[in-house]
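Should a chain be cited, it is by its letter among A, B, C, D and E, assigned in written order, with residues numbered from 1 in that chain.
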């Protein structure tokens, strides 16, 4: 009796005549929107295959793959990429626990100061990135910590943790608190509750928050450029090359990233879909 | 100190061939970081309190910005070969900001210019000898001019001084005192604002400068030598680059040792290496700039030689250069102020 | 196989939230192994009471004793109780058996052993074969059973159930009532069962406490509660009632006569009412009869308004001025189909109860 | 604290509190206080005197340099000259005072008319970007949340995320390539005969602030779509059907049912977009090539890095932050959204 | 004040989603002004049927006629129907009166006038005084009434209700049944009412269609449905039944004798059964009696297993091998309290129904 209710997916609106117009308009709009979304990517990708020395599609000099070769030989870019990844991983490691802690405190503690605390904890999102970078650098100078990958990570984590926190708060607010109470009632220690009930509940958000943290870290420029000191990441390297003329090598990186993202995200969606189907079938 | 040197350089300065040659010659490992603008270099060093780097490449005129916060260490002239720097440049640099209160902090490394780039097809009449900064402000150039805000006001000051419209001692008044500076900038900016329609694009880096001509449709402008030369060489020979008759804007990039350097000896070794004719030649071929090392021109390749003679057809072109003087506090602030005024007019 | 139930004693327990008293001073004794229900309308304080027993709330005053031990300061994870939540609170990401074994996991039992133990309980609640599914893949009734097994796994002496059936649909709810009751018998654990559904409470419980506005109005066995409610609230909250208002005209030998707009009505009375007091006469619809001439202790005339078939019963609704009278007749084919217009209905004095006027359960 | 400890125990709760405190103090408050402190003082020094001294020193240095190459005979004269100047230097240096650090609000109050105009314009522009982004994103969020099948929705989401795989600089640069005078769009228009590039007749997209808007909306789409999507996803489809069943046309259904429901999401999206666009540096910097006016973030940047006036820069930045926060509260007031809704 | 109801005709209507047939070819005529229920288990296609009438779905085959007009191609916003959703779908951010007036707003009625009109409807559903509250601040029953008023505001000829009471608790549900029924009478609008709760359908409807697996198994008045279910499914889905299985031993004069493990049982039969066929005998629990010696047409012996007080009834559950027999006795004080051990229960042949073996309603 009830199993059918569980499995029933929300039926899509099957429109009758009235609705049809609205849906045509909406579909048309979506098409335009996605053109808007992908046009720059297309341009950027084309430029990666253009033999011209600067990223351009209007100055077309024929197809080439030389920029891919050049990327393979560009140690600074490759090293920068590696550094970006290191920083990204560090940012995940720092911002996820911070964001989680903040979210727990804000959602679980009822206090008059919550509003203020919330305001301060999200303020890094609103602070110009440059300022975060500089203030982090100045602060750590007191402890004789020079700029570098570590500080870049700390500076980025300052605001990325805020994003994570927002995501965790959203999830926690949807949490069924009675699950934790049930676990306690069954005699679980607080650690067990956390490990077996809370963390599994948060796991999907931890995953997305980590992905978003990583992406934000990888693409961050304003904050990183100051905190990075003598080291460099992919983006700061691109930034410093801006002055001397970008080469389409940069576009090649973009293309690779897009392809990787598409592959990763598509597999993710497919896996989820398969999972859902498997569950429906059961 | 260790066997490494932390070099903080412009993105294109220390390329692999130089790095490898230096490491081979001295056994010191180069730890390279790069930047894309003087502001970036300066502020990074300032934020780091002068620590973390052993060699840095400030433009000579930005020296005072470093002195104020004691970011650089004084140069021990006994530790490097003064004679390896082209003497005239070495001498000129004294006044341009390389010394402070009697001590030298900056050693010239290379020099270049910012001068006229134009489309010789659409403006066949323009050529070296007659071309002038004023050509950018002619009424038939609406939407076709590409300039860098920070330098265009100065070149315009030189031009207006030259034609006698705004007297400024060849723009030197800009550095004399705050009041003079304001007077000249005010007049120059007003002149520019009246003709703002001429501006097709502002640029701040080579990428933008190139795009200004290839994508934004500009046909005349003020660019760095490398931009102009590469446009001519790589994009289309119709693009020409040369000095205007008022004199090109000359800049000198230098090498300095930050006050917090921990590898001073290695730093001097690096400086000395950069000033060898071979390294100077490599440098010039790599970047398109002109090395300040004696005899570096012996090692130039043909393309570089050709470019040099397009940009500086005769010795007068070089003698007539207007070198950026050392910046003063009020100059930096006022220039920003008027640049903003011009930009937002 | 399971621990015997323990008794629960509430000794002057009350709960105040800020300025709001959710539970007034309450004394209650729940016997070991009893199926005890707490019945009351939404917001009357049932959950609060239960949470004090389970240890999630510390009472503002009074003591909670379980099996004779004072529970003050002992947290929910150290009391011999287990709570079944209204929404069940199954762990959605653990398969059934892990849910059931969670309490054992918390006690550090090795995996192999706890799976074994869980399987026994899964058998007990007839879920064999479902042990590796996730709760989301089960039907409502099955989920219900997982919750019971999970709670029983920790061998509680007292099982606290907070409206565990309210999320199920009617048929299933009826089915689960029987199941719960039989599990309680099998295990001998004390059940404290919260509900606002009087039918549920009546069918399952040994005894019922009826709460209203934070206080317990009556504690009795189901039959007593149904036949001898202590207050108008209990009378109308438990089962259906016809209510007639009036003033006491006579009191004698356990019976009283109430005079009101519906005439003189006689019914049983307990002490506490004397002549002239405002009173209410309560009669269950199934105790009323249509009179074909013949008389009964009490007779009222009213117009038949409508007839509802409810299955085993036919409900006849009669109107007398503003008062509505409901009569249940057993559905024996065409029952009540011919009744129409003005009718005389009656009931025996023994089937009527006279109580002092008081609040009725709203409906 | 108690509420937290009851569920998670002392150790875990303590860890949460510790981490939050470390983040709050060590990464946000104290570093920011350093900046705020900076915005509250100026360095006072007598520039003209120092300039004069610097000039004299340079003269000495020049003379010394020349002396090396000079004939020996000339050297004493030069030395004389040098010592003369050095005396003068000593005299002036005695008058020179060390620069003084003076606490003042002048960094806040001295904002020039131009900067104030830029500031106001930036706020207005950011608001316009926000509105534009809202208009662009709402239908998408609605479509993904309410109309598409779950599978289609997953792919639409994927489509929304892909542009974020590439760096912001590149994204903006790509837009520049598209909108430039001789860019992709004008080339296309040339090809269909609307413009004529050869004759330098093109549509100057870049000259209007709209170019920045287009790129900025593009850059911040996700920040608008996601919060709206999240709220719209919770909108019971029955409500839409109920409205339709009662005879409402589509626009009214949106206006009366969907949009009010999505309000918290709209508020959050607007807040984020506003913040990000008000503080965006690279988009206006790259997009306009300076031709359509500065944004305030560029001004801040220049205060820091071109005027070398960190103190004023800090004050500007702080002002922007305060205005943004005021904006948040205004939005929350207007939309009657609580602080907590922002997380939804 | 409100438009008279219209009739609804489904003419060979069916609905196929992809490869899944949600509603099989169905013919149905619902009279103007009738209270018509569609009853069936979850997933049987009730909502789908309703959505075809309301216009949210276009039938795969067949036609829907309302008041004689073919509705093909006419959208939900232009049909003379109004739909009340299972979860009510009130607009949570509009005060009550705006909710009620929404349909009028959509028709462009000026604000003042529509508020006036909304107030009339608010009076109709007895919500005067609540008009400026938000739906979230109302109780379940009040929300229910808002939904009704909102639907009535557009003066529909047909009101479609999709399990509108299922979210309410028991007492309230019972109360709202009466209310809905009385509103239907007052307005004369055709009600098409969906439910999976047979009690609800029985108490309110004029006629009921029972659906199972996408097809309508029986359409009849409530009494006929209860007393003469057409199939085993309907028999067990509507009300409680005792079921005895066996083979037909005899058929004569409208009665059949079925032989099975419980002995020879006689009951009414319709055509279609002949000797030797597998058959089922259905008897309602309230038609069974405990026999003190005296005989009845059919007698079964079984052990009393347990006694549940359900309020007006006492349910006695008896076990006979695997079969459970349920007997309802009217609660007359101590009813059934003394019954114990082996007992004889019997029922009249006229109260038993013999049907060919078929699927029962699961519970």
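Note that a contact is a pair of C-beta atoms (placed from the backbone, for glycine too) under 8 Å apart; a residue touches a chain by one contact, two chains touch by 3 or more.
Remember, predicted model here, so these are calculated numbers, not experimental data.
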Quiz item: Out of curiosity, which chains are bumping into both chain B and chain C?
Solution: A
Practice problem: Compute the shortest path length in steps from chain A to chain C over the network of touching chains. | Solution: 1
Quiz prompt | Most centrally placed chain, judged by C-alpha centres | solution = A
Quiz item: Is the C-beta contact count larger for B-D or for D-E?
Solution: B-D
Quiz item: At what distance in angstrom does the C-alpha mean of chain E lie from that of chain C?
Solution: 26
Quiz item: Distance-wise, how many Å sit between the C-alpha centres of chain A and chain D, to the nearest whole number?
Solution: 19
Quiz prompt | Centroid spacing, where centroids are CA-atom means, of chain A and chain B in whole angstrom | solution = 39
Self-check item: Distance between chain centroids, defined by C-alpha means - chain A, chain E (Å)
Solution: 52
Quiz item: What residues in chain A touch two or more of the other chains?
Solution: 1-2, 13, 18-19, 56, 58, 134, 138, 181, 184, 189, 239, 242, 246
Quiz item: So which stretches of chain C touch two or more other chains?
Solution: 75, 169, 171-172
Quiz prompt | Numbers and ranges of chain D residues touching at least 2 other chains | solution = 177, 180, 182-183, 241, 244, 249, 304
Practice problem: Report the residues of chain C in contact with chain A in the complex, numbered from low to high. | Solution: 54-56, 75-78, 81-83, 85-87, 89-94, 102-103, 105-107, 133, 136-141, 150-151, 153-154, 168-169, 171-172
Quiz item: How about chain A: which of its residues touch chain B in the complex?
Solution: 53-54, 56, 58-59, 75-76, 134, 137-138, 141, 146-147, 225-226, 229-232, 237, 239-246
Quiz item: chain D touches which residues of chain A in the complex?
Solution: 9-10, 12-13, 18-19, 22-23, 26, 29-30, 33-34, 36-41, 43-44, 47, 55-58, 97-98, 100-106, 108-110, 114-115, 117-132, 134-136, 138-139, 154, 157-158, 161, 166, 169-170, 173, 180-181, 184, 189-191, 193-194, 198, 215, 218-219, 221-222, 234-235, 238-239, 242, 246, 250-251, 254, 257-258, 260-262, 265-266, 269, 272-273, 276
Practice problem: Sort out for me which residues of chain B touch chain D in the complex. | Solution: 39-40, 42-43, 64-65, 87, 90-91, 94-95, 99-102, 104, 143-144, 149-150, 177-178, 199-204, 208, 211-212, 214-217, 326, 328-330, 332-333, 335-337, 339-341, 343-344
Quiz item: Can you list the residues on chain D that touch chain B in the complex?
Solution: 47-48, 51, 53-54, 57-58, 60-62, 65-66, 69, 112, 114-115, 117-118, 176-177, 180-183, 197, 200, 202, 204, 206, 285-286, 289-291, 293-294, 299, 302-309
